[in-house]
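Shared chain: subunit A. Partners: subunit B in the first complex, subunit C in the second.
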Partner chain A sequence: MHDVSLSMLRVVNGVILLYLLAPIVVVVATAFGTSPYPVFPPAGLTLHWFDRFLSSPELIQSTRLSAALGLVSTLCATTLGTLAALALVRYRFRGKASVSVLLLSPILFPAVVLGLALLVAFTRAGLAQTFSGLVAAHTVLITPFVIRLVMASLAEFDSSIEEAARNLGAGRLRTFFRVTLPIIRPGLLAGALFGFIISFDELVITLFLAGPGLQTLPIRIFASIEYSSDPTISAISTCLIVAWLLLGVPVYMRFLSVHRA
Partner chain B sequence: MRSPDTIAELRLAGLSKIYGNVTAVHEVSLDVAHGEFVALLGPSGCGKTTTLRMIAGFVPPTSGEVFLGEANVTQLPPDRRNMGMVFQNYALFPHMTVRANVEFGLKCHRLQRRERDRRIAEVLDLVGLDAAADRHPRQLSGGQQQRVALARVMALRPRLLLFDEPLSNLDAKLRIQMRDEIRRLQRQSGVAAVFVTHDQEEAMTMADRIVVMSKGRIEQIGTPADIYDRPETRFVADFIGAANFFEGVTRGTGPARVFCCRSGLMLPLPLGAPDATTLVIRPERIAFVTDNAQDALRGTVTRARQIVAFMEYIVTLPSGDLVIVQAQRRAVAPQMSEGDAVAIAWPAADSILLTS
Partner chain C sequence: MAAPLALLAVISFKDYQPGRGIIDEWQLGNYTRFLTDRFYLDVLWSTLLTGAGVTLLTLALGFPLAYALSQNRGWKRSALYMGILMPLLTSAVVRTFGWMILLGNNGFINRTLLQAGLIDHPVRLMYNLTGVIIALTEVLLPFMVLALDAALLNISPSVIEAARNVGGRRTRIFFRIILPLALPGIVSGSVLVFSLSISAFVTPSLIGGAQIKLMPTIIYQQAMALLDWPFGAAIAFIMLFAIAALLIPALALIERRSRLA
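Then we have the complex of A and B:
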């Protein structure tokens, strides 16, 4: 009986994996095809579309912009989010529940609404169509994820460990940097990783705030699909997948996997 | 000016903690002498842990003061009090090795590398964990983790040791072994200790003096013998060990003085017994006697059961009173069975008289 249900489980798992991964396989495959638009299975083999991507100054510049935007926003969001999570978990204060909902609300708002709201506010503040404006907007968007994940780490954190540090002679700062921070690191890194990914492929809000010199990679891709559909986009996607495999997965395995020692 | 040896190592002066309208600790005053081991004993919620946390500096008192020697430390943050605390759940740093856990405090106190290494070796040897220096806490058993926690504070040579129910997460055998070990280390170092526990046996076996607490107040302070043989309140008599309680009044004078229970039972009193409203007798002070013995109370055994090394009987008296009697299990001693008609008696001097 167990054998039957086990093999059923394997089949179902296989189908789900196929469903999730098949589109990625298709995209990667089309990036190597010779035809001027993405077809699957690809006819012939070429690296032409990769060359198109890597030799296009606009695309490279957009990739750089998206990476910079993602890194700076993640840095801001991780700092703010960690502090907010600490306050929400550790302290009791008036209106704590409301503050908690408010801080997590950007996840709940439709991106279009948030984008419009930020455009109106940032235009008045002179932040629209600036890099700082984009950083501010992305920080708003990803901070809730950091808060959530850091709060989860803190919830299972035994605060007597911090008291032990104080008792052994560590001041508040040393206790935070030597004890609290290393222990909540997995949640923090998870938050940062999610934050970077969300920022890197954010399109809707960015469209509202981006200016002529601020074409992020998602905006560039979105625009190029409108008038052409050559496999350069597949090549870009393939590069992103490889980058994720090389950078993201090791971080994920090291700090976030379920089987962590 | 007081001479150094009359100054208490730790002095609590009228320490209180009020949360909103709940009084967690009320006017606790206590002196702990050099090298003394004092247990704070009481049921959960009695304020013993809050008191300990006020001593350590984690909870600011609402009123009252904490003195360490002559210094008033009430306003000092926990990291500047020079007290070593061992926590219930060990509170080891999970991301550091045993060695790094011990070294943490030494670094905080800016000790030189050589001195740090010397002290780490010394304390790990003291707790028998030299071989585990490079392991992480999660690779150690509960007992080993508690030894690391102990080593970590001993390395700093603190002025005072604080224990917050450190043995309650260990299994029974290990708990008893660790009692001796903690006491041995504390004696060797000569440092005064305050030990919080809800386990009366732990307090009895470890402490020089016991502070019994209830509802935020100190009920009684005394040696284990004081607390058990001469409880001052009904709470203490009831909380420590087993006891039979008789409610009533003292009547008569001289040799005719007796304790009249509400049930109508008359109990003998020692000469010169003060007025009292409660008479307490410990179950092991009561003996089975022959019917014609002096002051014998006749009754029937209504329950007999074995509790590890002794027998516990419940004897029902004609007055309706139930009396718990404990007797050693010996080959020659008579074993009573349920339904047996018996006579019991105890020396009048063993009766404890209370006015509450």
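Then we have the complex of A and C:
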């Protein structure tokens, strides 16, 4: 009886995993097919679509734009996020609870609403359809992730180490760079990495704010698949899937609850 | 973040006239227009229904997966975790693209069913709510699994062992021990998936096309295609209100349970 239900659970989970991974398998498989539109299972084997991606000036420009946007936003978010996390953990101040809710809220906030709100505000401030506007929006979006992960690193951190460093004559800056920073580094790196991935992939808010000159890679993909189907998109997607797996999985496995218990 | 939202709230009480832009006069017209028009009420209703359907499906599919995840240790847990991480690290646009290849009239699913002789003509799976629900459930499933896993990990295997030793049957153990202990995870996972699914834009607009109208897609359409920011803003606040009205009781429930425990 025990074994029967256990193997039933295995079969059920196999089917669910198949469903969960199906679109990824399909996208990767169609990137290598020879037919002029993505069909699954693919016929033939070619690298033509990767070549199409890498030799298209527009797509390369969009990739560069998304990478630049991700890097600058991540830099802003890690700086702001670390300061906010330190303040939230260290200091007691009035309204602290509501500040932490506010700082963490963009995670659950509907992107369409945030996009429209930022469009209205940025149009007044002259930031709509500019690179700085996109950086500001992405920073708002990813800072909460940095705050969360840095706060998690800080939770296990005994603040008397810092006091000891200060008592031994280290200045504030020296204490921060030599004591605090190494301790929060895992959370900081994880936050920065996920921040970069989220920013690079972000579509909805960017759709509201990007002008004709700011076509990020997700916007190009979205515009292209809305009306047609092209294996070049499969090739781009495959590159992204592989890149994020190589970057994201080690960090996830090390810092998050995979190995718990 | 708060300032753009306040500005959006103000805008939602203004009027928009094509050619003249936003009229600077306070009025409730946008809200009454939505709440008295059968068309918009139907959009709200089908959005809530889609959200409820997706939440129930992710719960049904996520539970067996999360249970297996929480019961396994070591490399088995890591391997299973990878299967959930991979979709989580792949953007919704890319995964929706995979579903478009699978669900089309000439897609893999319809061709397979036709070849097997199970159907005479293709089943419509694109540009309707069925397709949106199939794809959206897959897109949001990892969030549910992770929420359930967090709750199930806290159940000590020795509790289940003890129940089995005193002669508890599997179904009884499931309903009397596992399910009640997993309840916080069920509630927080459902809250997360429900709010993400009613505010989802990418998957409904790509799989549903122009025919399927849900709250996020009409907000985008009003704001970006018709340039009626005030009406878009009003719809956004009606959506936020709908999310809050359902979430606040659920969050209060979690709070009360954790205080009782």
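We adopt the following convention: the second predicted complex is superposed on the first by the 220 of 261 C-alpha atoms of A that agree within 3 Å, B and C clash if a C-alpha of one lies under 4 Å from a C-alpha of the other, contacts with A are read in each partner's own complex, and residues count from 1 in each chain.
We adopt the following convention: a contact is a pair of C-beta atoms (placed from the backbone, for glycine too) under 8 Å apart; a residue touches a chain by one contact, two chains touch by 3 or more.
Because the structure is predicted, anything quoted here is derived from the model rather than measured.
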- Message: Contact-wise, after the overlay, does A:I221 reach subunit B, subunit C, both or neither (first, second, both, neither)?
- Response: second
Q: Would you check which partner chain A:V112 touches, where first means subunit B only, second means subunit C only, and both and neither mean what they say?
A: second
Could you look at A:G171 and tell me whether it touches subunit B, subunit C, both or neither (first, second, both, neither)? first
Q) So, does A:L9 touch the first partner subunit B, the second partner subunit C, both, or neither? A) second
Return first, second, both or neither, reflecting whether A:G70 touches subunit B, subunit C, both chains, or no partner chain. neither
Winner on subunit A touched-residue count between subunit B and subunit C: chain C
Residues on subunit A touched by both subunit B and subunit C 261
In their shared complex, subunit B is touched by residues of subunit A numbered 158, 160-161, 163-171, 174, 178-179, 182-183, 261
Subunit C contacts subunit A in the complex at 1-5, 7-8, 11, 61, 64-65, 67-68, 73, 77-78, 81-87, 89-102, 106-108, 135, 138, 141-142, 149-150, 153, 170, 192, 195, 198-199, 201-202, 205-206, 216, 219-220, 223-224, 229, 232-233, 236, 239-240, 243
Seen from subunit A, its contact residues with subunit C in the complex are 1, 5, 9-10, 12-13, 16-17, 19-27, 30, 38-41, 102, 105-106, 108, 110-114, 116-122, 124, 140, 197, 201, 203-204, 207-208, 218, 221-222, 225-226, 229, 233-234, 237, 240-241, 244-245, 248-249, 252-253, 257-261
Subunit A partner, complex, touching residues on subunit B are 56-58, 77-81, 83-85, 87-89, 91-95, 104-105, 108-109, 138, 149, 152-153, 156
